[in-house]
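The same chain A turns up in both complexes below, where it pairs with chain B and then with chain C.
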Partner chain A sequence: MQPLFLVVDDAIFMRKMLLSILQGAGFIKFVEATNGNEAVEMYVLHRPDIVLLDISMPIKNGLEALTEIIDINPDAKVIMCTAVGKSSSVMAAIEAGAVDFIMKPFDRKKLIGAIGRHVDITENTDANA
Partner chain B sequence: MQTRNEYSQQRILLEISTLGAQNALRSLSILINKEIRVSDATINSIHCSDLINVFGGERAHFISILLSTVGESINGAFLFLLSKDDAKLLVQDMFSHTEDSVEFDEIGQSFLCELGNIIGNSYINLIADKFDSSMETKTPEICFDTLGSILSNISLEYMDANENILIMENKFICEQLNFTLHALFFPNNG
Partner chain C sequence: MIPLTDTEFREIVVYVREKYGIDLRIKRVLVENRLAGLLTKNKYTSFTELFLKMQGDYTGNIEREVLSRLTTNYTFFMREKTHFQYVVGNILPEMPKTALQNGYAAWCAGCATGQECYSLAMSLEEFRRGGGYLPNYSVLATDISQKALKTASVGEFSAEEIDSLPEKYRQRYWKQVSEAKYKISKNIRSNITFVLHNIFDATDQKKIFDSIMCRNVLIYFDSASRNAACEIFYASLKPNGYLLLGHTETILNLKHKFKYVAPAVYKKL
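Up next, the complex of A and B:
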């Protein structure tokens, strides 16, 4: 079964880039959000299998949204996205329940590898290519 | 004449500029999915009163991306300046826009903002590694305006009238496209 992704980033360019990588890997089910508030709303509405959540966003940042999502579902699979590798936010996110983090700009193999560690993608033959 | 300490600081900054440009290059290649080369990085310290003249006068049009950072070893803001002409060529090349297309549509603006974010963070990650410290950045702010306007907006928060500003310049070469990115660092002494 195809996993449903929630892709959260305030930058339309980065959302399109993520979707393009995911589509290239054979995934077809996505919903999008542009800030932390929308992310929580979309999580409640769609219960995605995996959330790709940017840390640095206006209105409500990724860390705040993560905390609310984990309150709603402690088993939520949230992968944080960040351009800053050595950031206390990354450590805080892992402590708050994020399952992984990936660095921007997104490397296709690393992104798909991170997804594969947390959801079953064996049926997505392209994703394993 | 330079003191030994000044010489040492300059060497460290030049190393950060050169390695930062290489990190930025790798990130940029992934971002635009093209092979890119970078010419030698240069680094200069310029008095803030000379900034306007160095970049072609207050009416010169630039795209600026402001990336504020807070950390154990560095507090302040990186300001990235890309000439409007270079930005236009980059967006046209990236999205196959024609000259008649909208100059900077939503996706073009978003791309330029992420470009500054990712290149800025390439430098910040390097500094964090070098000093083994943690760094945080705020959401990047993009601005399309004249240089005079861009600098007056940031001067209130970051510019001290008696201060020298650090400028790192990198020339990127991507197939037929050349563009120059100026990275200015404004320390926050407040």
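Up next, the complex of A and C:
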């Protein structure tokens, strides 16, 4: 079954880039959010298999949203998306329950590799091609 | 239509080739058709008159218009190759290894049919082959044309198109897929992400790129739009990141925070 992704970033540019890579790898199910508040709402509404969550966002940042998502579901698969130089935020996110992190802009192999570590993508995508 | 004489055509070909590296030798019809409108617009009676006016125009406006008309939808591999040399000869060597550990991130804004981003990727691969420190890299290539992006994404070009590349590039990075077509290597292709995107769609950029190439795109914008584009590029670059424009373009007369460092190369401080 195709995993459902929740892609969270306040920059439409970054969301487009993520979606382009994911679609290129054969994934087809996505929902999007533009800030931490929306991310939590969308998580509750859709219960995605995996969340790609930006750290620096207005209204509610990624770390705050992560904490709420983990409160809702301690087994949530959240991969943090971060810019270079945010290592302290990454550590805080891992401690708060994020399963992985990837650096911006997104390296296709690393992104798909990170996803593959946390959801089964062997049957329904060409991600391993 | 005013005829283009053999002598006039040769003059234009030599001038454009020597100054911009653009080869128009087999583009006679394109040159004649695209410049004819400029003759009519300016009431010139011959291509020679246009050529003389262009050389005497200290503002450079006529030359820019000539270039614009001659190069719209016309791109080729390693165009303005000094920029690719600048990336591997100046930008990468000056970046600290700690910064490169996470990879080199480039944005080709207005990538058209992909020749620019593939040229950049091949240059980066060559840098690595030569022993340069570059653990990995990613290129984001965007354009507003779905059709152009599709061509770019497929990565197949004719033998004539890749003919301008050095032999070693053709052997290392291209695979013949039919009698007349060559395809870019999977390794190169996997480092490039193509996205349909208008530069002005997003003003919420984050500082994530080490360099941005936006060449021969700003020439089509008015002053306000060029300013807006510069702001977006500035916001998208990491500190010490570079903006590379086309050699016929300048942002020196615009308000921006970039520092000019080389012809058509600007640095974010």
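A few notes on this one:
Everything that follows uses one rule, which is that the second predicted complex is superposed on the first by the 125 of 129 C-alpha atoms of A that agree within 3 Å, B and C clash if a C-alpha of one lies under 4 Å from a C-alpha of the other, contacts with A are read in each partner's own complex, and residues count from 1 in each chain.
As a convention for this text, a residue touches a chain if its C-beta (ideal position, glycine included) is under 8 Å from a C-beta of that chain, and two chains touch if they have at least 3 such contacts.
Just so it is clear, the structure is predicted and the values come from calculations on it, not from any experiment.
Considered on the superposed chain A, chain B and chain C are sterically incompatible, since they clash.
Using the contact criterion defined above for the overlaid structures, shared-chain residue A:Ser56 touches chain B and also reaches chain C.
Of the two partner chains placed around the shared chain by superposition, chain B is the only one that A:Ser89 touches, whereas chain C remains out of contact. Contacts of A:Val31 after superposition: neither chain B nor chain C is touched. In the superposition on chain A, A:Lys109 makes contact with chain C only, not with chain B.
When the shared chain is aligned, no partner comes close enough to touch A:Ile70: not chain B, not chain C.
In the superposition on chain A, A:Asp10 makes contact with both chain B and chain C.
Steric collision with chain C, judged by C-alpha atoms after aligning on chain A, is confined to one stretch of chain B among 45-53, 153-161 or 171-179, namely 171-179.
Looking at chain A, you'll find residues 10-14, 16-17, 56, 83-84, 104-107 touch chain B in one structure and chain C in the other. In the complex of the two chains, the chain B residues touching chain A come out as 27-28, 30-31, 106-107, 110-111, 113-114, 117-118, 120-121, 124-125, 128-129, 133-139. By the touch rule above, chain A contacts chain B in their complex via residues 10-14, 16-17, 56-58, 83-89, 104-107.
Here chain A touches chain C in the complex through residues 10-14, 16-17, 20-21, 24, 56, 83-84, 103-109, going by the rule given at the top. Considering their complex, residues 99, 102-103, 105, 107, 136, 138, 140, 190-191, 193-197, 201-202, 204-209, 238 of chain C touch chain A.
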